[in-house]
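See the structures that follow.
Below, subunit A partners subunit B and then partners subunit C, in two separate complexes.
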Partner chain A sequence: MFEMNDMTVRFAIGEALRGASLRVAPGDRIGIVGESGSGKSMLAACLMGMVPDAATLSGTLTIDGTDMTQASEAAWQAIRARRAAMIFQEPMTALNPLRRVGDTVAEPMRVHLGMRKAQARDRVATLFDEVGIPDPAARLRMFPHELSGGQRQRVLIALALACDPELLIADEPTTALDANVALKITDLLVHLSRSRNMALVFISHDLAAVARATTEIAVMYGGDIVERGPTADVLADPVHPYSQGLLAARPDLRAFPRDADGSRRRLPTIPGTVPPLHAMARGCRFSGRCPVERNACASVKPAPVGPRQATCHALSRGVA
Partner chain B sequence: MTLLKANGLTRRYRLPRTTLLGAAPVLTAVDDVSFEIAAGQTLGVVGESGSGKSTLARMVMAFEAPDLGNVLFEGQDIHALRAFELRGLRPDFQMIFQDPFSSLDPRRKVGWSIAEPLRAMGIAAPDQVADAFAQVGLHPDDGDKYPHEFSGGQRQRIAIARAIITRPKLLVADEAVSALDVSVQAQILNLLMDLQDALGLGILFISHDLAVVASICDTVLVMQHGKTLEYGTAADILNNPGHSYTRSLLIAAGDEV
Partner chain C sequence: MRPLPANFIIGAALVAVVIGVAAVSLIWTPHDPADLDIRGKFGDPSAINWLGTDQLGRDVVSQLMAAARTSMAVALGAVMLGGSVGVGLGLLASAIGGWVEDSVMRLADLGFAFPALLFAIMLAAVFGPSLTNAVLAIAFINIPVFARVARAAANQIWTREYVLAARAAGMSKLAITRDHILPNIAAAVIVQATIEFAVAILAEAALSYLGLGAQPPASSWGRMLSEAQTLMYLAPELAVYPGLCIVIAVLGFGLLGDGLRDITDPRLARAR
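Coming up: the complex of A and B.
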């Protein structure tokens, strides 16, 4: 069980994460949704102990009750070796082009599990089979350039699974892939989470992929978790003005967007752009772009309210 | 009125030889593809990477010539034109690209970059630069800034300003909103629709996201392995996909059927 409480990551220019709390239990599938600069990757970095040295942290992070807030790098290495693993967006750059993919995937088993070469190779073949790579014995002798993007992402998933982690963080795992390949990778991650009782934290700006992959969702904006809840509920009925704006802006396939005279409907948009970190409001970070904003919003940080723990003054006033 | 007509476009690439004496293998990147774009209309081209979408765009832009077939722009075969004739026609069809970070010169002020097509035509028209800025929703003073001072969405606006500054009749957009966040993507799609309605642009819109295509396109061409899988009105293809591949794209775009 990974438990983050009121975590704040502060840089000289501003706070990249403000009081984020997240509990991840075995088998959970949690989606983190937000646009560039929302702090979703910083949240992942906290869970992996990979926050840049330049940042100061406050808040607590415990893993199975052990406080990791002051943990040494060695202690974090032990966590990253055996218990938490991560996959990234770019399957093209994440593999060493000069090594056979089988050797790359075997490395953590040999280093962390003390396996011998032949033993590790057998296990790589088993893992390749588990992640849906056909003909594993031949594929593990290949170099990354001989594999397609989807196959490479499968290799990286196998690499992440090498030491049977309890938590897999997937940071934009499908963004660089073709639509139908992305679909298969998403389904594979769900399958692995179920069959291994492994927690999955799925970070993406692709709402369709998150809807498919997760049961719980946290929406982030400007370093705040602005709303959270069951994935289907949040997507169907968002309560925070930012979540509402984000979901409305997504083109809708089902409601073919034409007016009666055949003219195209414009998409609802959120006015303005995400301000840079140093220019973020001290209070609600969505202030300046929010349709229900009032004077106090920019200066007072809203407390989470209601079952969705939405951080919005209008919701605490009972307006929106 | 038909603005652009492509007839039986085919493009083959010779691959590196695999054996010493054998013939070099040939990849058919685009195989007998035909379509039309009317003024003020948008054709969406959908397919996975390697399906030939970008090769198609390059032939429409006359960056490369087809092995078979032709591209008629207002009835003229653009690949049969001589170099200077083609140059004279270029202001009429312009292109925007996926990555707004690499498609602008980082060492030039953006005002200089968006006036580049005009200079290529031999015109200096500061008014047109200011107009183009206004049309894409940027401040006229923004011309004195460098690309790094803008966000991704603003940079895509700049790229669009550069494309429309020659008052083109056809715009080719290759994954123009794919790299943008959802809320920014909505702003850029709205901008393209507004410009299209105001200027009567024909748009060739390449995308892998059927939800995006649904919001902006009138007709849709689905490609796989260089071939046409489906071609028809957007309503037809999205409501009654005739091919399992199109259905898989619909599911990827969030349709649970």
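Coming up: the complex of A and C.
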């Protein structure tokens, strides 16, 4: 059980994460969505103890009740291998081009499980089989450039599973893959989470993939978790203006979608871009781009309200 | 496959000749290079003494061959020693960062602030003139060069995603340095080592020329040069031969290093 409470990550230029709380129990499948720069990856880095040295942290993170906030790098190394693992966006660059993929995957087993070479190789073959790599015995002797993108992402999943973690964080695992392969990788992650009772934190801006992979969802913007709840509910009926904008901005796949008056429908977008960290508003970070914004929004940080814990002044007013 | 760059081919050929001669001299030279024959001094080139004899009647070819061996041995020892210490320091600086990195790099700057050869002369002068001390001195001036190259290359590799993936899999910095950083900076280090090899040959010749390197009866191009210097009007060819050998060896390793860099650096390859 990973519990993060009121975690803030502060850099010299601003806060990359503002008071985020997240609870991950075994078997949970949680989606984190939001634009680039919304703090999704920083949230993952917190769970892995891999926040850059330049940042100062406040808040607490406990793993099965053990406080990890002040934990040493050595303690984190043990956690990273045995308890929490992570896969990354870019399978093309996340493997050392000079090492055989089997050696890369075997490494944590030899270091953290004390396995011998032959033993580790057998386990790598078993893992390759589990993540759907055909002919594992031959593949583990290959170099990364000999594998396709999808195969490489499977190798990286095998690397993450090397020491049977309780939590797998997938940081945009499908973004760099083509749609068909992305679907298979998403399903593989869900399957692994179910069969191993392993928690999955699925970070993505692909809403379809998140809908498919997760049971719960947290929407992030500017370092805040602005809304959370069961995936189906949030996607069907978002309450926070940012979630609404994000969901509305999906392209319609019908050839020529038209509005009621017959004109070609334009794809709705959220106006503006995510401001850089140092230019973020002190209050609600969505202010400046928000359609229901009022004067106070930019200066006062909204408190979470309602079952979705949405952080929006408009919702607080409505509820009150 | 792309054709090999010309500097690589020429450099490799020259280096092959020098190393070949040095290797042959281990088992065979036409004469014993230290064999004196006062009556046959300043001999002209002949079937017996291919390039003639020097002021003490020693066979010039045999001396040049034995000197090639000295030169290669000193350069190899110095580059290996200085390279391993320098690369080790560079990797350490890169892995730990912070004040460790700063102090290692400032020390390297300090090393660079001294003219390298002057520094080697100073070391050889302090610890006494001998081939071993020449190796140590040249190794020492190589340390900051390798530390810088290794740190710069390693810092780049540390930002790669596969290093992030290895960290996320719980690997320690030591294991990451061994398995991921070192293999990926090897190309840069080897290129630098080849270039430093040329510098080391030159440094050995200079130290021996000043009497701080190879001691008699060991042969050295630098020493031959200094001995021939006083006989410039009598037998100028005695100074030309070792000088040419130094040029060939230094040019060979220099070109080989440049060629290797061109081959291993795809950006330069495209610009060609």
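Annotations for the structure displayed:
We take it that the second predicted complex is superposed on the first by the 309 of 320 C-alpha atoms of A that agree within 3 Å, B and C clash if a C-alpha of one lies under 4 Å from a C-alpha of the other, contacts with A are read in each partner's own complex, and residues count from 1 in each chain.
Just so we're on the same page, contacts are C-beta pairs under 8 Å (C-beta built on N, C-alpha and C of every residue); 3 or more make two chains touch, one makes a residue touch a chain.
Note that the structure is predicted; figures quoted are calculated from it, not measured.
Shared-chain residue A:Val181: touches subunit B; no touch with subunit C. Within the superposed three-chain model, A:Ala81 lies in touch with subunit C and out of touch with subunit B [touch as defined at top]. Contact with subunit B, but none with subunit C, is seen for A:Leu253 once the two complexes are overlaid on the shared chain. Once the two complexes are overlaid on the shared chain, A:Ala298 sits clear of subunit B and of subunit C alike.
In the superposition on chain A, A:Ile270 makes contact with subunit B only, not with subunit C.
Touch criterion met: A:Leu95 reaches subunit C, while subunit B stays clear of it.
No residue of subunit A touches both subunit B in one complex and subunit C in the other. Residues 48, 50, 53, 74, 77-82, 85-88, 90, 93-99, 103-104, 107-108, 111-112, 156, 159-160, 162-163 of subunit A are the ones touching subunit C in the complex. Interface residues of subunit B, counted against subunit A in their complex, comprise 48-49, 151-154, 181-187, 189-190, 193-194, 208-212, 214-216, 234-235, 238-239, 245, 248-255.
Residue ranges on subunit A touching subunit B, taken from their complex, read 35-36, 149, 178-183, 205, 207-208, 211, 245-246, 249-254, 256-258, 264-270, 273-274.
Interface residues of subunit C, counted against subunit A in their complex, comprise 97-98, 160-162, 164-172, 175, 179-180, 183-184.
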